[in-house]
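The same chain A turns up in both complexes below, where it pairs with chain B and then with chain C.
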Partner chain A sequence: MPAATDDNTYGVQPPGLDFKDSNTIPLPPPKHFQPSLRYPSSRKTIYDRNLSRPSSTTSLASFAYIFNTIITYHHAKSGSVSEIETRLNRAGYPIGIKMLDLLLYRQSGKAVRPIRLLELLQFIHGALWRGLFGRAADALEQSTSKKNEYMIVDNEPVVNTYISIPREMSQLNCAAFVAGIIEGVCDAAAFGTEGVTAHWAEGDEMWPGKTIFLLKFQEKVIERDEAIKASVG
Partner chain B sequence: MATATTSKASRMGEEIWKTRVDKISAEVLTLTYGTLVAQLCRDLTLPNTASQTDYLAVNAELDRMGYAIGLRLIEDFLAKSQNTGHCSNFREVAEVISKVGFKMFLNVVPEVRGWQGPPAGEEGAGGPVAFSLVLEENPLAEFVELPDDGRAQDELWYSNVLCGVLRGALEMVQMQVEARFTSDVLRGHESTEMRVTLVRYLQDELPADDD
Partner chain C sequence: MSYHFAIVGTRDNPLFDLDFGTSKLGGDGLSHFKPEAAHMNQFILHASLDMVEEVQWANKDLYLKKIDSYQNNSIHCFLTATNVKFLLLMNPDPSATPYSQHTPGTTTSPPPRAAANAKHSATLLAANPSSPQTEEAVRVFMGEVYESYVKCTLNPFYRANQIITSPIFRSRVQAAAKKYL
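What follows is the complex of A and B.
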């Protein structure tokens, strides 16, 4: 066993040393986790309720009040339109991470997360939208110029139902919240993005609230997908 | 009297829910409310700490947000429940809040319990007038578990926004009330209950031209 050296007091493994003979300091075994939460004896906890229970409905107005409160809160803390959108995106992000698992769990048959890019996009366009808004999104498109950009179109985002944007902030689209949810789903499914953003599709007379969600995937995601495609054929 | 009001209010609540309310998945509301509370828990921290939530400040902020909602929500409530007529006493108010208000906005009907005060119609006689709303189902708190930090279960009232909503909405119809949670299954209690106490009727502040 080699003698302890001064520069090895913190248990850092010097290069070239055999693991067995090193004089690393063993970490103490992790403390056994002791939950300290109290639960009602009626067992009305999240662990006792069936995750697959049919989702009940509530009033759209209540959602609008809460969503409006969130927007007001972030508006007061933001200096610009883009900052509001970023904050709304961050508010939606953790929802997306949880929705992926929840929706996969509820899928009839097998709970397999999307492996291919197209599967993921169809999952967002279909299952995610149905889970959240009771219907599929209106379109799924690929950018003609950039192969890492995809667009999901919603003609009339539910979240924008009671929202009117003041003229001086006309660029603001509060569906940035939904963009955050999408980004969360993509990240949780290991399809890293360079951001998901919500934009107004201007000029559509039939659907004045039409919104385009722009998904920009990281290059490596595209490369991986092409590699799988090449290997599978 | 009370039972007649109860069944009338129940029917009306059901009717309004079926015919006049735009709906959305309850889970979207749950998750959206959760993201708001989580944000407040991150933003409102105890002095000189970066990550210790000031839960009392979160309660207060949720109540304040609810109050702002209540001030606007009452218009929606009155518009949709046009045939309610006036409540002649605070007991009827309790029934209408539970059977019509909660039904209309959250699709749940909390049970009115723990009535305290003089007989119906004689609230002016003095003494506290109060009731409890027992929420068998709480759409705001589905999927929720409070942080296991030894404090949240003693300090945070997760659904406190509802207290503010009641306070704000009732103030707009000339009732000053105090609303607070007295128990919550999230804290390990057996039920989720709010206590609503009438402070006073704001009759003096009626606009002169109001009919």
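What follows is the complex of A and C.
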């Protein structure tokens, strides 16, 4: 192996290699790595933004417009009511993952990770709802028949404010988007679910838009929670 | 006095790593790990994930303090709500770490350089990995990294468990390291 010398750069042919009589074209020397990061004109990246803006409010009109576009898109792409709901759920899921860390960061010094099931549910019912909609959810209930099912009730979901459901799709509840956010929070906090779904609560005259979010946790999550409960005493 | 910092995702996949040294007490801010430490550090950090999983359901805090040690490395962990682990390995004197030459049960005598540095390094954070000053410094450092990490995840193009490549994120972590460690 020939010793590397200082002048053996890409411009000079290494000894023993002659390209003159061959048809091969030597590769051009590799360019120096140029980071392609571009700064915005204000020179402020996302890392310069402040995360703890107090009670930042988004215009309901612009939210309604974008949410309408999302629903139209998924409606056009899917053939059934359940497929639209699944797609809306998937659209909300990454938001949930990101919200969990953001909300904990905003609690600053006193932030704790939810490690018990009830703490997580109260976090969703309180902190998450306040972060998203500016108020707590209306009720948090456990299913009477099944141990792993919990329900969060919202009397008037903001996302459904300007949504009117055609008669042939009366089962569709566009709060499936919010259900996806809840599922993202549960999954990210290592409380795996078998799906979070949004259902209309029928027969409530005072709140016609009342929506129930049904959270079905995996068996192993319940088992782990009971083990923690037993160890704490 | 050297540090190895890594972010490990929810599937135990590495997202980010950085080697640096102390900038306090005349440190040059560069890591002085042995060549073999490049893979050993990753190995040691990932081995400590078992300890994280033991502690995480008993401790509600984000900062789990010192969770593991190996030879003269000690590992501090910060666990985010989404189960992403920030692991910081600190080593007061990398040249004294025997790694694979280590035989269990025998105490290796510190090399002369370590003895000469002993007085100096006694004041360093990594020499007392469980002391309140070290924990406080690491807590503040982790808090700054957490802030940058949350900002990174809020990028709509960032998916969970994606490798963090942003040079700005890297420079933010380096700045926090220089400031506190």
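Keep this in mind: the second predicted complex is superposed on the first by the 191 of 233 C-alpha atoms of A that agree within 3 Å, B and C clash if a C-alpha of one lies under 4 Å from a C-alpha of the other, contacts with A are read in each partner's own complex, and residues count from 1 in each chain.
Here is the rule we go by: a residue touches a chain if its C-beta (ideal position, glycine included) is under 8 Å from a C-beta of that chain, and two chains touch if they have at least 3 such contacts.
Nothing here was measured: the structure is a model prediction, and the numbers come from that model.
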* Quick one: chain B or chain C, who's touching more of chain A? -> B
* To do: Considering only the touch criterion stated at the top, classify A:45 as touching first (chain B), second (chain C), both, or neither.
  => both
* Can A:224 be said to touch chain B (first), chain C (second), both, or neither? -> second
* So, does A:145 touch the first partner chain B, the second partner chain C, both, or neither? -> neither
* Would you sort A:63 into first (chain B), second (chain C), both or neither based on which partner it touches? => first
* To do: Considering only touches as defined above, state whether A:189 meets chain B (first), chain C (second), both or neither.
  => second
* A:94 contacts which: chain B (first), chain C (second), both, neither? -> both
* Have a look at where A:164 lands relative to chain B and chain C in the superposition and call it first, second, both or neither. => neither
* Asked: What is the contact status of A:113 with respect to chain B (first) and chain C (second): first, second, both, or neither?
  -> second
* Find the residues of chain A that appear in the contact set with chain B and again in the contact set with chain C. => 35, 37, 45-46, 49, 94, 98
* **List of chain A residues in touch with chain B within their complex** => 35-42, 44-46, 49, 55-63, 65-70, 73, 91-92, 94-95, 98-99, 131-134, 158, 161
* Show which residues of chain C lie in contact with chain A when the two form their complex. => 10, 56-58, 60-62, 79-83, 146-155, 159-160, 166-169, 172
* Structure fact -> The residues of chain A that touch chain C in their complex are 35, 37, 45-47, 49, 51, 94, 97-98, 100-102, 104-105, 111-115, 188-190, 224, 228, 231
* **Contacting residues of chain B [partner chain A, same complex]** => 21-29, 31-36, 38-39, 65, 68-69, 72-73, 76, 104-107, 139, 142-146, 148, 150, 153, 161, 185, 187-191
